[in-house]
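One chain, chain A, appears in both complexes that follow, with chain B as partner in the first and chain C in the second.
Take a look at the complex of A and B:
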């Protein structure tokens, strides 16, 4: 059996992922999270007399809290895996990755378990987020002065 | 020669525990089923250790063989095979821990058969287990993390299986075995195990047929474990185009545990898959007299996958004969 021929055969017999469908699901779910968050922000402004700029901060906290709570209650992983990138890209994904790692490693101790593994998945988001922010802010200064 | 023939090795008894999802799948009848993944323990690791312990305890008790077992051969998927060692410390039985991923049970059968046929030992227990959530943590993501999976992924089965291998005659004879080489066909996708392990299955299968001068029709059933649905298609296509073998009597253990409605993508995987199907489906059906097991294992770790190395695989073949 030839390796290259085998590779071709595997490619031919492996069903293709429907990327279009995945993208549409992710777009609709991610968009829905945005709409819900906007609703929460408006609610905060109108019912609790919180300033508009501050309301977004509170909304973000609420979304993170809810995603973490749902993860801890044990059903959020099914939602995340079925909605493709829909729940991963918003803050819900970040919260989910941190909480799930925390839950998983709590038995390995506070330092060697939770401490060392909490940002196992989210670590790269933080690192490249900070590096990205650094370069974009330099770019911002150059362009806008 | 990598193929061995045995004259005097038999399977006396077996005991299986299946997880909560598995017991609602295609095979409804196992010796024991678990209601939840914790199995009355605090961690999943402890649950799997307990599963193995219950299997050995039951085998010893049912057959009244507490002091008669010469060796325990088995393994699991955890780092440093801790689960097997931690369960074996509860018994005064010498242990040989073995690892060849999902081919672990076949490897232990093969070793036990060789020792017993050589006359060095009389009775052995072979055993393996896997736990979906321990495997997820070992090979994939934290347990509660819901990563989107593609259709080629397999779902690690939860369960533990043990068998007593002996030189006393019984209905099931271990007749021959072929030890496989490690092969690497440059497959790098750890979520497509079927494609990784198929070349190993083909290699050992052809070697087995050539060594023993048999053809594929000699066997009533050829049970591979666990290539999954997509892997099975690749296996059949490869055998047809490269060796002109039209495999009709094939069954894959990965496709026999879960129902399609249970959403397990390409099927079941894990070292326990093959023995669960063998002891609870194949050997319960009197129509299968000559059985060929081809157990396949993918020999990667998280590190080798992260470093983008291609995944080697192994397969061992074991021929069983069932007397009426």
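Take a look at the complex of A and C:
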């Protein structure tokens, strides 16, 4: 079997995903997360009389905690694979990747397992976030002063 | 009204992410990194502030917000301390998400057993 035949075979056997359905699910789930976050933030403002900007930070923490907890309890992986980008793009995806990496490598111990691998997946977000923010902030300082 | 905006903003961001995932070979790691850098970029353009006042929780919950707060921390750091401020300020606002994720994950990982 030559390369082209092999490629064809792979293409045939790869399960076809329904892209339209995936996109709609991602839209609905992502939107729902946005609404829930706004709801939590508003609730915090009304119940505890904290500033709106602070309420978003509390909301961020709550979302991270819930996503981590659900990952640790074991059913969040399933949710993420079903809802695709809907749960990956919000902060839930960040928390999920940190907790699931920690769980996956727990058996390798505290240092070489959890310590070395906790940011295996989320590390790139932090790395490129810092690099991007660093250079954009220099640009911003040059342009806006 | 802000709830509708939050729904639309977060929804459309996730929709775009899903379209990238389905139509390219990029992995979720690529897409989240891309959106983080885009968040810093929109922060630089001054648009992300507007996204947040428009969509509230919809804009602060997606990962782009992380890039935006890093940019904001660095920019405000410069206003206070100059070049040094970029280094000392960059992580100040993003600290919440990083420390939250580390602390919660670590405690939960110790408490729970992985499912095979």
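Keep this in mind: the second predicted complex is superposed on the first by the 127 of 145 C-alpha atoms of A that agree within 3 Å, B and C clash if a C-alpha of one lies under 4 Å from a C-alpha of the other, contacts with A are read in each partner's own complex, and residues count from 1 in each chain.
One rule holds for everything that comes next: a contact is a pair of C-beta atoms (placed from the backbone, for glycine too) under 8 Å apart; a residue touches a chain by one contact, two chains touch by 3 or more.
Please read these numbers as outputs of a predicted model, since none were measured by experiment.
When both complexes are superposed on chain A, chain B and chain C fit side by side without a clash.
Looking at the shared chain after the overlay, A:85 reaches both chain B and chain C. Of the two partner chains placed by the overlay, chain B and chain C both lie in contact with A:121. Touch criterion met: A:63 reaches chain C, while chain B stays clear of it. Looking at the superposed arrangement, the partner reaching more residues of chain A, out of chain B and chain C, is C. In the superposition on chain A, A:17 makes contact with both chain B and chain C. With both structures placed on the common chain, the touch criterion links A:6 to chain B but leaves chain C unconnected.
When the shared chain is aligned, chain B and chain C each come close enough to touch A:74. In the superposition on chain A, no contact is made by A:44 with either chain B or chain C. Of the two partner chains placed by the overlay, only chain C lies in contact with A:132; chain B stays clear of it. In the superposed model, A:103 lies in contact with both chain B and chain C. When the two structures are aligned on their common chain, the gap between the nearest CA atoms of chain B and chain C comes to 5 Å.
Residues 17, 22, 71-72, 74, 84-85, 88, 99, 103-104, 107, 121 of chain A lie at the contact with chain B in one complex and at the contact with chain C in the other.
By the touch criterion stated above, chain B contacts chain A in their complex at residues 42-43, 137, 141-152, 185-187, 192, 195, 199, 202, 230, 233-234, 237-238, 241-242. If you check the complex, the residues on chain C that touch chain A are 2-3, 6-15, 17-19, 21-23, 28-29, 31-33, 35-37, 39-41, 43-44, 52, 55-63, 65-67, 70-71, 73-75, 77-78, 86, 90-91, 94, 96-98, 100-102, 104-106, 108-109, 111-115. Within the complex, the chain A residues that touch chain C are 17, 19, 22-23, 25-41, 56-57, 59-61, 63-65, 68-69, 71-74, 84-86, 88-91, 93-95, 98-99, 102-104, 106-107, 114, 118, 121-122, 124-134, 136-141. On chain A, the positions that touch chain B within their shared complex are 1, 3, 6-7, 9-10, 13-15, 17, 22, 71-72, 74, 76-85, 88, 96-97, 99-101, 103-105, 107, 117, 120-121.
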